[in-house]
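As written, the chain order gives the labels A, B, C and D, with residue 1 at the start of each chain.
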Amino acid sequence: MAKVFDASEVAKHNTPESCWVIVEQDGKKNVWDVTSFLPSHPGGSKIILRMAGTDCTEEFDPIHPSGTLEDNLALEALLGTVDIATLPRLKKDEEKPVIEGPPPMEQLLNLDEIEQAATKQISKRAWAYYYSAGDDLISKRFNGSVYQQILLRPRVFVDCTKCDLTTTLLGHKVGLPIFVSPAAMARLAHPDGEHGIARGISEFAGMQIVSNNASMTPEQIVEGSAPGQIFGWQIYVQNERKKSEAMLARINKMSDKYKFICLTLDAPVPGKRELDEKSNFESAAPIASALKTTDEPVRPGGGGVGQQLFWGTASDLTWKTALPWLAKHTSLPIVLKGIQTHEDAYLAMQFTPQVKAILLSNHGGRALDTAPPAVHTLLEIRKYCPEVLNRIEVWVDGGIRRGTDVVKALCLGATAVGVGRAALFGLGAGGAEGVRRTFEILEAETATCMKLLGAAKVSDLGPKFINSRAVERDIYDGHAGLEKLGLWVQAKL
Amino acid sequence: MAKVFDASEVAKHNTPESCWVIVEQDGKKNVWDVTSFLPSHPGGSKIILRMAGTDCTEEFDPIHPSGTLEDNLALEALLGTVDIATLPRLKKDEEKPVIEGPPPMEQLLNLDEIEQAATKQISKRAWAYYYSAGDDLISKRFNGSVYQQILLRPRVFVDCTKCDLTTTLLGHKVGLPIFVSPAAMARLAHPDGEHGIARGISEFAGMQIVSNNASMTPEQIVEGSAPGQIFGWQIYVQNERKKSEAMLARINKMSDKYKFICLTLDAPVPGKRELDEKSNFESAAPIASALKTTDEPVRPGGGGVGQQLFWGTASDLTWKTALPWLAKHTSLPIVLKGIQTHEDAYLAMQFTPQVKAILLSNHGGRALDTAPPAVHTLLEIRKYCPEVLNRIEVWVDGGIRRGTDVVKALCLGATAVGVGRAALFGLGAGGAEGVRRTFEILEAETATCMKLLGAAKVSDLGPKFINSRAVERDIYDGHAGLEKLGLWVQAKL
Amino acid sequence: MAKVFDASEVAKHNTPESCWVIVEQDGKKNVWDVTSFLPSHPGGSKIILRMAGTDCTEEFDPIHPSGTLEDNLALEALLGTVDIATLPRLKKDEEKPVIEGPPPMEQLLNLDEIEQAATKQISKRAWAYYYSAGDDLISKRFNGSVYQQILLRPRVFVDCTKCDLTTTLLGHKVGLPIFVSPAAMARLAHPDGEHGIARGISEFAGMQIVSNNASMTPEQIVEGSAPGQIFGWQIYVQNERKKSEAMLARINKMSDKYKFICLTLDAPVPGKRELDEKSNFESAAPIASALKTTDEPVRPGGGGVGQQLFWGTASDLTWKTALPWLAKHTSLPIVLKGIQTHEDAYLAMQFTPQVKAILLSNHGGRALDTAPPAVHTLLEIRKYCPEVLNRIEVWVDGGIRRGTDVVKALCLGATAVGVGRAALFGLGAGGAEGVRRTFEILEAETATCMKLLGAAKVSDLGPKFINSRAVERDIYDGHAGLEKLGLWVQAKL
Amino acid sequence: MAKVFDASEVAKHNTPESCWVIVEQDGKKNVWDVTSFLPSHPGGSKIILRMAGTDCTEEFDPIHPSGTLEDNLALEALLGTVDIATLPRLKKDEEKPVIEGPPPMEQLLNLDEIEQAATKQISKRAWAYYYSAGDDLISKRFNGSVYQQILLRPRVFVDCTKCDLTTTLLGHKVGLPIFVSPAAMARLAHPDGEHGIARGISEFAGMQIVSNNASMTPEQIVEGSAPGQIFGWQIYVQNERKKSEAMLARINKMSDKYKFICLTLDAPVPGKRELDEKSNFESAAPIASALKTTDEPVRPGGGGVGQQLFWGTASDLTWKTALPWLAKHTSLPIVLKGIQTHEDAYLAMQFTPQVKAILLSNHGGRALDTAPPAVHTLLEIRKYCPEVLNRIEVWVDGGIRRGTDVVKALCLGATAVGVGRAALFGLGAGGAEGVRRTFEILEAETATCMKLLGAAKVSDLGPKFINSRAVERDIYDGHAGLEKLGLWVQAKL
């Protein structure tokens, strides 16, 4: 029924006026006319024009969930299929260096080694996207080093034969106080994708917050997950609110799996990730001059996978408007991600019971460089408005590399800690099995740390087990009273 | 009409007793007798004698504004022209390595990359002059690193769809709170020179403070500038006050462009810039022995482009004498550059309305090494005499590399920030277009930072957006009361 | 009488079902059937199966005291001897590179040079076991660097012609305030083993705490020691208490030599020493797949010499149970090793007179990474419960590299300081003579430091001789009152 | 008259029983029988035996003032001369690599470059002796880096056309507030020796403290010095007090030149300078075994030039005995060198008027490692007993590399600053002329710094010109009241 094209004919449609591409879907090489979509492509039209008339499966597939083409184009845009015999042999494919497979996962002893193994397995572009962070990577590095500034205080003569890592998040039991933070584009790392992450953490009864920019559909990701295994869905509200509303409706239907909505606030606009931008830039260079005609200005900070994902994201959310809007479209609890000051933590607390948790995060250092690490925000909260810790759950992410880091965050009052890049690098190193190894390491290190501290269960942990004085003296001290903030919220509601 | 010399005849006049040089001016190779000028040359006679009898256009031109010879020599000193055919082929020229042109400006993603690109384009001597700073470059490096010690505090749920970078300086609207600080000898970097800087920042409605030691005339620099584009003129008061007075008269005439006089106080004598000195030194070496006869002592710190520029600068200025003298010769507002303590900021405030702004600056680390960065002085002012920030504008320069640096300075109370080397390196990397790219990057980074902070316009910025505690604990704490200083000023006036 | 086997026959017994090994004992190559012991081997069965059917003397001997086989196996397990002529020539032996002998000890000027010399002499596996520490080695490095943060305060015009380093530990006179901390497996470093350490320190009248995991028997170690030379015995309480009780009985019998029991509390479970684990891992790799059948899970942190030694160690000790149990089995004074907080120091003090000293230690950084160095704990005690220093002796170990380090610890109130790795590296560098050199250096450096400070004897030392302010500001400040702790102990007893 | 020996005969006397050496003196190759002196040689007998029977001029000369042999041996020990023709051609001499001469002094721009130039010119042994410091060189490095922690505070609008560096030390006018601290063995660096230093600083009217271990006699050093040029004599009191008394008598006679006695207290025993020791060690190695017979124990820290110089130094000086003894033997004012705590500064003040100045010094980091830099002691004095600064002069040395360092010390209250290694490296780089260049650089840098600060003369300098807060927070804070110390002194006298 579908028309079969000769590849040479497809190749002619490589201009802004007529732009066709070939994408492999379900084993077929489909030909799509994407001309009408060019102006509204999140990553700009250039990215598409660069591959106009050719088979772009390799570029397209890992960063678009299935259904993307169908959702954004009319039925008629699917023109037919291409005759495979007429396709040129992919030069790219031939050039690909023979990469040794990953090492046995059990030989990887810590998260640094997993990152190193992944770096060898994944494409340079994927690495650049995952590794990159804002500007000079100061916040990214600080996220990790701040944990090393905190000392532990081991107590002796405590029976720690048994050590129980289970805890409760939003009322749901999880196997360990470590979850997967939303991290986009998992299939860039490995075909197992976000579903592989779900599989990898299932034996630990781990929790996963699925990225708004996942490379698989929310349905695919949770498919076949273990009973009791829980998920959250991250949302970046879109300028076209209807798109977001449709997605919320879709998630609402899977409320046996998706237990909350994670509204991300730390990146109303994308940070400047030069590594990512540069990596994209390099592949774009050869045709840069040809594209001059498209008349899109090249602004600094305008390239990179990260930038494309942000296209269409709303930056006009406010306390007054966003939460009521959400309440209209879902009854799932809300987790606010990206709180970076005690003031905003205090404000968030005013929105219980709709808001049940906040996730202290500087977006892995990928948004605003020199933004504070979550540990700073935790210490600010402890100092200026400790009641927050009693009223809502406080989760943190950023910089977790060791079980001792996990324990330190919990001692400071965090309910749980998230890992983002670590899950992606685990996936890159060995697919679902690499994710499993990542969590196995974190679980063992966390248990060892707790036993050596003399803490038999998560609820035993508290500030008496740490000495955070070296960090405390750097905490913001311009606190000016929070009463007004509270009143302000009352007035809004 | 003018006499035409054979090059071999000119070559004979290569002694302190009779010293001729060839300089290309308006396409002609003029022969000047500079014998009488030798003792009063700012850079010492050696510099000239080294090229006596030859064509020194390449050395002379980039660091002298046009008119320099005419202003300093009698008419008769212009002896005629040289017969070009008789000139030896310049060996230098032949030896010059083929340098690749600059990379496309749009591929340069940040100010470091622009500096790297410029370093490859400009001469070693120009680089040494621009890059160098006092002694061990401690202040230069601290100027930059102090910004990295300050953390940002991003707020969430703020509508930052629009972000307005415009602001007002001395009552004049500018497109962004970033200006060009006075930086000498722009033609060392690129033939576009200071005029190229003016062109490069025009689309941003940027402000430029023209260096007293510009390599173009003040008239040339502002020629053809955009309507509303404003300039300031930097003055180093000369021992021969009449020269300074003449220059002020010249600037007064262009008060549609030049809106203020920037009196520089941070370098009454030149700092010790060893890189610059060494670079000059190397080229001088071959004829060093021959020059022994000139009997000029070689004092440590006595070489370098920087040193030459300082020749004749007055170091006897005082509060009591300098400002009244200025008032006699110009009615333009005065900006005092080089304030490095809160005491002097406080004193400057007493001189309103003549003094309308102060520019906190340690001369880019080029004057006194281990002098404090402007951030320190800002914090001192905030701590000991915050009223200064309300009474006069406080500008800062030194160490700005990122939009986040700009924002941090503004949060601390600065009205605007200046970039000096960054503009020169932009020029070196790509002429006027390189300057444009430099400002484009700074503008984009500044806007991104403000949006991620949740600040929609410049006036929103304030100390609540930053955590400067790590810097505050290093601020001078020997404050002893400022009342006496104020009384002292009253008594003077 | 004993049966003589052909090596090829022994070689057949290389499975979990029948596992024989050859071990040289007293000059004879004995054949042992260790099949029954496989499940209970501290290091797991794999370690043994890897050498099943072969001569494992080289691997077995340096880390097992004599008597280990006899104590753990039935008499019948000793099957006979092997006919040496039938043994294959050891390939390993042939491959061994010719290592130059150690340098003359007198050319080694400090403890770093001794460690370097030892590193060249000992096997990579021994080095990895000694050098390794927990996770990222942060505590290990901090143990050393914290001493460099403390400044000395030399006084002038003090007669220090004579300088007396002798002091008293638990009532026993020792030649210097430096002892050997328990450090396992000395024969990995040198055949002289723990007995060599005893010999090396005898001329200094040094004290030695013998490791629970010594590679020689407690009887062998003290054999022939100098009159008055004293020892302590370290105990890790075993899950099989009877084993520990038997060992205590054995030590009680040598109370002329062993003057106290050192109960180790800082490692109820082993830390994660990746270097050690990795070194073991590498040798295991070739047979890893073959062993999959044994069905032992490979957990992260599950390899390494260190892990094997911990097998069977009790992690259920409490203040309430452990000390009374010890009292039943020995009347020797107890030293509690591994106190890392002032709270536990305060608690320990309540257990006098049974507990006569505490040893502040983070296990050389080998247990919990980012645990505090002993200097921190000392400063905590000084700040919150200085009475501890008067009531019991406070010993410290970890990070001692210089005589100035020794003096600083004593100034802070320590009675004596221990060295662990330093003794082992001394042994590795030159056997007993290397240990002697290590102590000779420490003694000379300590005396020089005291003379330059103006302190003629150990009891002169005190806080006035040091400036520890840079460390003090990092000390834990969450102190919450110790009275309750004291009451709690009263209630327990 | 003197007997002439054949070199082969001298060569036979190479044992402890009969030990002859050849030393060139006044152009003659004298043969000395030093057998009787062996046991009392400061550096031990080995050093001599190593060269027994040979010409040791090259080793002996640079570190012994003329007259050393005559002063220590009987007349008969001078046996005669050697027949030069019979001497073997010195292999050493032939092997000496051709070293390029020093660069033109005027090309050396700062003290680091002078040190680098000297390092190339001088022997490895001399370098090791000069460069070395105690243990890990922590104090040596801290001496320098502490100045970089202090920020300057430049004031504007100050007339600094003229800048006067002259000041007064103990009532004597000097040309600049920088003097030469006692530094031993100048002829190791250059034949000009200590006399060359005197010449090098004469045009600056500089002051020199001559080392007790100078390589020239006190008479030689001051010979021909400029009128008004002043010197001090450093004394290490000898166990044989008579030797010290004789030397004092000798100095008293030159009181037109030597204006004070500098009693050194910071090194009652030598520090452990491993670089120096190792350098000596290497040359000793070849004959080490042969010397075993001499039965001298090789103690750690027992080698090196530094150690030899200390031989015979008294370490039993006390406040009570040393100053009265000195008063008996000289009426020159006393300067106490090596004060490192405010307590001792306070005590010293009690001994006015005999004691007129103290020199805060940690012996260039060469005595006790981790001893505080002079800046710390200055800040302690300012904090706890500022009256000291009014009652006696406080000089400092250690770590001065820049004019800014000089100015910072003066701002903190020092009367003048000393340079030790810098003078020796100046000498090594270019003899007297290198010393002159060193002082020329320091003078120019100091003047530039003062002008940029806005200080026209030395007495203008004070704490308002510096921000030393980063250092102040590390100052000793265990101050316990000084009254008792004062009373104690009263009781003694």
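Everything that follows uses one rule, which is that contacts are C-beta pairs under 8 Å (C-beta built on N, C-alpha and C of every residue); 3 or more make two chains touch, one makes a residue touch a chain.
Quantities reported herein were computed from a predicted structural model and do not represent experimental measurements.
Shared contact partners of subunit A and subunit C do not exist in this assembly. Steps from subunit A to subunit D, minimised over paths through touching chains, total 2. Interface residue usage between subunit C and subunit D, two copies of one sequence, is largely distinct: under half of the residue numbers at the contact are used by both copies. Chain copies subunit A and subunit B are related through a rotation whose angle, from the C-alpha fit, is 90° to the nearest 5. Centre-to-centre separation between subunit B and subunit D, using Cα means, comes to 45 Å.
Inter-chain centre distance (subunit B to subunit C, centres taken as mean C-alpha positions): 64 Å. Multi-chain contact residues of subunit A (touching two or more other chains): 473. All chain pairs that touch, listed by label, are A-B, A-C, B-D, C-D. Subunit D contributes residues 104, 106-107, 109-110, 148, 150-161, 402, 404, 437, 440-441, 444-445, 448-449, 451-453, 463-464, 467, 469-470, 473 to its touches with subunit B in the complex. Within the complex formed with subunit D, the residues of subunit B that make contact are 135-136, 138, 265-272, 274, 277-278, 281, 288, 298-301, 315-319, 322, 336, 338-341, 343-344, 347, 362, 367-372, 376, 473-478, 480.
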